[in-house]
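What follows is a group of structures, each given as structure tokens.
In what follows, subunit A forms one complex with subunit B and a second complex with subunit C.
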Partner chain A sequence: MMQSQRKHHAERRFPTLKLTGVVLLLLAVVVASFWHLSLGAKSIDWTTIWQALVAYDPTNSDHAIIRESRQARLIVSLVVGAALALAGVIMQAISTNPLADPGLLGINSGAAFFVVASTLFLPMIAPQYLPIFAFLGAAIAALIVILLSGWEQNAERLVLAGVAVTAMFSAMTAILLLIDQQGLDKLRHWLTGAIGASDLDKLHWVYPYLLGAMVFSFLLVRSLNAFHLGSRVAEGLGVNVLLLKITGLTLVIMLSGAVVAVAGPIGFVGLVVPHIARLLVRNNYIWLFLYALLLGALLLIVSDIAARMVLRPYEINTGIITAFVGAPVFIALVLRKMK
Partner chain B sequence: MLVIEHLDAGYKNKQVLKEINLTFAEGGFITLMGANGCGKSTLLHCISGLLTPSNGHIQLNESNLLAMKRKEVAQRLALLPQVATTPSGLTARELIMQGRFPWQNWWRQWSAADEKAVNDAIEVTNVGDYLDLPLEQLSGGQRQRCWIAMTLAQDTPILLLDEPTTYLDVSHQVELMNLIASLKLKGKTIIAVLHDLNQAATYSDHLVMMKKGEIYTQGKVQDVFTKENLKAVFDLDANIITDPFHGTPLALPIVEMNPNSTSSIDDVAVNHPHHER
Partner chain C sequence: MNKSRFSSRFLRIKPFPGTCFHVRYSDMFWCVFFSALLLCMLLWGAATGSYQFSFVKSWHIIFSPESQPDRLVRVIWEFRLPRLFAGALCGAALAIAGVILQSITRNALASPGLIGVEAGASVTMLIFVVIIPGTISVQWLPVSAMLGGFIVAACIWSLASYSGYSPIRLILVGVGITSMLSACSEMLITYGDIELVESALMWLGGSLHQVAWLQVEVMLMWLVVAGGLAWVCFRPLNLLVLGDKVAFSRGVNNRKIVPLLLLLSVALTSSSVATAGTLTFVGLIAPHIARRFCADRHGALIPLSALIGGCLVVLGDTLGRTVFAPLQLPAGLVLVLVGAPYFIILMSRLRHS
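Moving on, here comes the complex of A and B:
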């Protein structure tokens, strides 16, 4: 008995298995990144990619392609995937709802509507303020969903409210685009979640918010672990549940708003990745967060590769690929819940 | 000593508790009883800080409980709410370790004191055999033992238990009640909501009977657990006999099946010497 207790003690200090998982995922992300960088009109071999990254030679045209064009797309994919996945984990945790996802709950489409509206009606506003509108839209959508579903939501009502709000904002966005045909061309691509259309400049506007939200998320880990036992148990343990929910929701709004401002409303990453992460690490939000960040980045890189491979030489929007992956998972989750 | 004075509490548009005044000495097993909706759980929630009362005062020894931070309250009172769901993906040990939450923060992570409290809780509740199994694989009784262990790991002088034996088989109920009663010997004060009358009468030292948000009566089990009070609080017709093994009172509800069966219960009750009070 003593021996087994000591063993577990040691195991708690050195979570070897979970760390190995993190390292493996990290490796997978690196490999996928190289693959991602190698793809394009001209395929470039991995040695050249490596040289372009570590010993950049601007006169070498291959190096220039990697650094000037492809690298940006990769970084956007990495960041967007990680942020969406983290937003999904937090959203599912604070709503105790396995179907919660910033995309399904209308938060992404609210942000998208506000971005579209601001670019059409307030063209004189500098583009670096775009994320502010995205946050505003995300926050308003979240508030409407909460009002419609009640604070102590049940799962079905929350998802229904989310579907309704998504439909409403999508319809409003469509109306705006009908009014302004030129805007349509400019924004249509972005609206289905286009990694290809985004660039590093957009990422520069939002990275302070993204980085801040990601770091701050880890401060919630202990409270989220307690909250996992149930709202009342958590309160009995000393968690301020209302504060936890408000903080969590704010982080979700910041993460998804920033992503929408950069790459448009990419759906289902926040739904799928938390479930995969939970299959791998079961509980403890510090690991769930780490795994979700890596898995989200991986999923988005692979989706972006698929977006360019499936219908060559045409390119599909990355958001369409994630929807292809995510929709079946969503249906499976709903079916399991109904049983 | 826990003192509750002039306590009013309720939810949005419904007052549940009216003018509650109670004093609990340290140690012992106190049971709150009453019909559904009488405010037993609400009172537990007020004491543990889950619900802020609209009026009144709760004092624990020298400190005002209502003015304390949540974590400080959680270092003094452990609450086991009615738990209907099993948290997914946790082993028994991981659940019990969560009991240390109020004692930890970012600059003070897992310590020797935490380790000791968890090991003590495991030993007292005797859950050592299934510590590393997922909660989903445990029986209802085993799982409830783990929840009790979690509240014990919280290492508080007072335990608040909201219907801890609900959903359990009879044998598991008895096992669990024996466990809870044994905690009293370790110096804990136990305040429980129980819905089984005879469990309450057998295990408690002190009974608080509530009716429609007010204290109907309270006192030692022998004094309070009477035919008249049960009728008034639960609208229950029952005879009281004395448990020949424990000397505690027992309620036998009057069954209206046929004349023979009721009269035989009366016989037992009347023939018993302790009943004449």
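Moving on, here comes the complex of A and C:
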């Protein structure tokens, strides 16, 4: 008995390799962050950035640039990327569908429509409540997609339902913007997924939801690991599958709704990152979550850097860059996995 | 003998020696019914607007214009009728394209927008309107949009059939390419000059306000040629719905017929996109409404859904013109608003049964 237990322990040895991976990714995120901070209308060298971060001197103009404007943008992209990637992992897990993504399934566009409608029709409502509307829109879009496709594991039907829902909500958004043309001018940047320095204020509105959802999703790890073996096995192991799916969906709605309220609909991060993470760590959800958080942050920082570098002095919206990166990955996945 | 022919509820039509079509009386009834409905919609559309007529008056103006005041005749014949006809024709073309795609992919949620024609046309159009305005004249814009649509559809087809064609690949590759292209057009919308962007957005929303008789004639030609060819293919379509293997065993070579049908639906979609912008939601719902009346028999389904598609677009356009009166909403957007709830209910009910 003792021997077998000891053997069991030996099999579950300390996960050195995976931890090294996490550390390396963390390092990559830090390097990318420094790169992100150094770029801009005025390029600033890395020692100055370090000084600005650890020993802030308000009289130094370089320090002021870093701390006042660029740092905010960096934080927003870190949080947005991590949240979207986590939403993608959960979504692909609960729908057992490798092609699920909050953007493709219309959840982002539902949230975007509700945010646009509330800013146009209810201007007296304080902006802190925008995330609530985003959650509402995300939830309604998710419900419609489920209604159209069912819980069944049919990738194609789910994606098509998402396309139909996206078309519906983006048409309604377009109608609103045609009726109110000043609104179009104001909102057209936000609608393609823009990250800007001013978004840090918006991030303050959604902090509690985002942090709560991230922490809570780690509580689901064991059930998700069981569910990965199939819903029957999971039920046999004592997992309430329906409850798991509902909780997972709520988490996805909170994560992606919060992101839409902050930065507009940014697609494909939730699709691409889980697949990269799975290439690295297979299917243990605790590691998948960790890797996805880091990789999502990394991907969004790099996309944001690209968004500012490609067409200097103009900026492309980050959502457009992620679509250009993500759509080819999606097609490659389809060609490899679907017969 | 006479009695038995009636009780079988078929009409046997023998257009050529050796061929025999069975036409059900119910199909004939629904075709007549929806033609009448389309006619009523057209009359209603001609009668309403900022200059209101009675139904009878518009009837008189359309069918005996000589006896009516010149001014009224011009309002109807030069402004309203081309727009209405173009709407009806585009709706019919998109509905047929939708039937073809839903049958080929055997998926009720497929729409003509999937094969990328819409997205390709939008991007080409935006490039010519927003980035390099004035390089080509206005009447060539639809042609360039059409070319763009064709190129994108060809890309999607070659990618999807690169390592073995299958319906699911076609759908998903279409979704991928379409979302990439829509990112392109979003980029153009975001960075373009706001005035140019607004006029492009009007067009993209599926608006019929700049249509003249010439476009109606071109559209009619496309519809008759491509739609007629699609109607001739109703037997292969009937068999393809049953699955590739069944179709193959019944003598339908899906390697040959599927690209042909896709080409037809691309031609139908792109011609209507060139005339009226993006209206593709019609292609999604019109076939479903038609299926309520004649199920999956494509011989009846194609003409019926064409009629229903025409009705829908005329309805959407007239509502868009009149509901927010001085402001004109694009027909495509109105249709999505009206059709989406119906579509959702319909699909969820279909899934449960």
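Following the convention adopted for this analysis, the second predicted complex is superposed on the first by the 323 of 339 C-alpha atoms of A that agree within 3 Å, B and C clash if a C-alpha of one lies under 4 Å from a C-alpha of the other, contacts with A are read in each partner's own complex, and residues count from 1 in each chain.
The rule we apply is simple: a contact is a pair of C-beta atoms (placed from the backbone, for glycine too) under 8 Å apart; a residue touches a chain by one contact, two chains touch by 3 or more.
Worth saying up front: this structure is predicted, and the values here are computed from it rather than measured.
Chemist: Please tell me, clash or fit, for subunit B and subunit C sharing subunit A in the overlay.
Modeler: When both complexes are placed onto subunit A, subunit B and subunit C end up side by side without any clash.
Chemist: Is A:229 in contact with subunit B, with subunit C, with both, or with neither (first, second, both, neither)?
Modeler: The answer is first: A:229 touches subunit B but not subunit C.
Chemist: Please indicate which partner A:171 is in contact with in the superposed arrangement: first for subunit B, second for subunit C, both, or neither.
Modeler: A:171 sits against subunit C, while subunit B stays out of touch.
Chemist: Per the contact definition in the header, classify A:128: touching subunit B only (first), subunit C only (second), both, or neither.
Modeler: Neither partner.
Chemist: Tell me which partner touches more residues of subunit A in the superposed arrangement, subunit B or subunit C.
Modeler: C
Chemist: After superposition on the shared chain, which partner residues are touched by A:69: those of subunit B (first), subunit C (second), both, or neither?
Modeler: neither
Chemist: Return first, second, both or neither, reflecting whether A:61 touches subunit B, subunit C, both chains, or no partner chain.
Modeler: neither
Chemist: Should A:278 be classified as contacting the first partner (subunit B), the second (subunit C), both, or neither?
Modeler: In the superposed model, A:278 contacts subunit B only, not subunit C.
Chemist: Is A:20 touching the first partner subunit B, the second partner subunit C, both, or neither of them?
Modeler: neither
Chemist: For A:316 in the superposed arrangement: first (subunit B), second (subunit C), both or neither?
Modeler: A:316 contacts subunit C only, not subunit B.
Chemist: Minimum CA distance, subunit B versus subunit C, superposed model, integer angstrom?
Modeler: 10
Chemist: Which residues of subunit A touch subunit B once you look at their complex with the stated criterion?
Modeler: 1, 5, 8-9, 12, 219, 222, 225-226, 228-230, 232-233, 235-240, 278, 282-284
Chemist: Any idea which subunit C residues touch subunit A in the complex?
Modeler: On the subunit C side, the touching residues are 107, 109-111, 113-114, 159, 162-164, 166, 168-169, 171-173, 175-180, 182-184, 186-187, 189-191, 194, 197-198, 201-202, 205, 280-281, 284, 324, 327, 329-330, 332-334, 336-337, 340, 343-344, 347-348, 351.
Chemist: If we count contacts the way the header does, which residues on subunit B are in touch with subunit A in the complex?
Modeler: Touch list, subunit B to subunit A: 48-50, 69-75, 78-81, 83, 85, 87-90, 93-95, 98-99, 101-102, 104, 106, 110, 115, 119, 128, 131-132, 154, 160.
Chemist: Mind pulling up the subunit A residues that touch subunit C in the complex?
Modeler: Spelled out, the residues of subunit A in touch with subunit C are 99, 103-104, 144, 147-150, 155-157, 159-161, 163-164, 167-168, 171-172, 174-175, 177-179, 181, 184-185, 188-189, 191-192, 267-268, 314, 316-317, 319-320, 323-324, 327-328, 330-331, 334-335, 338-339.
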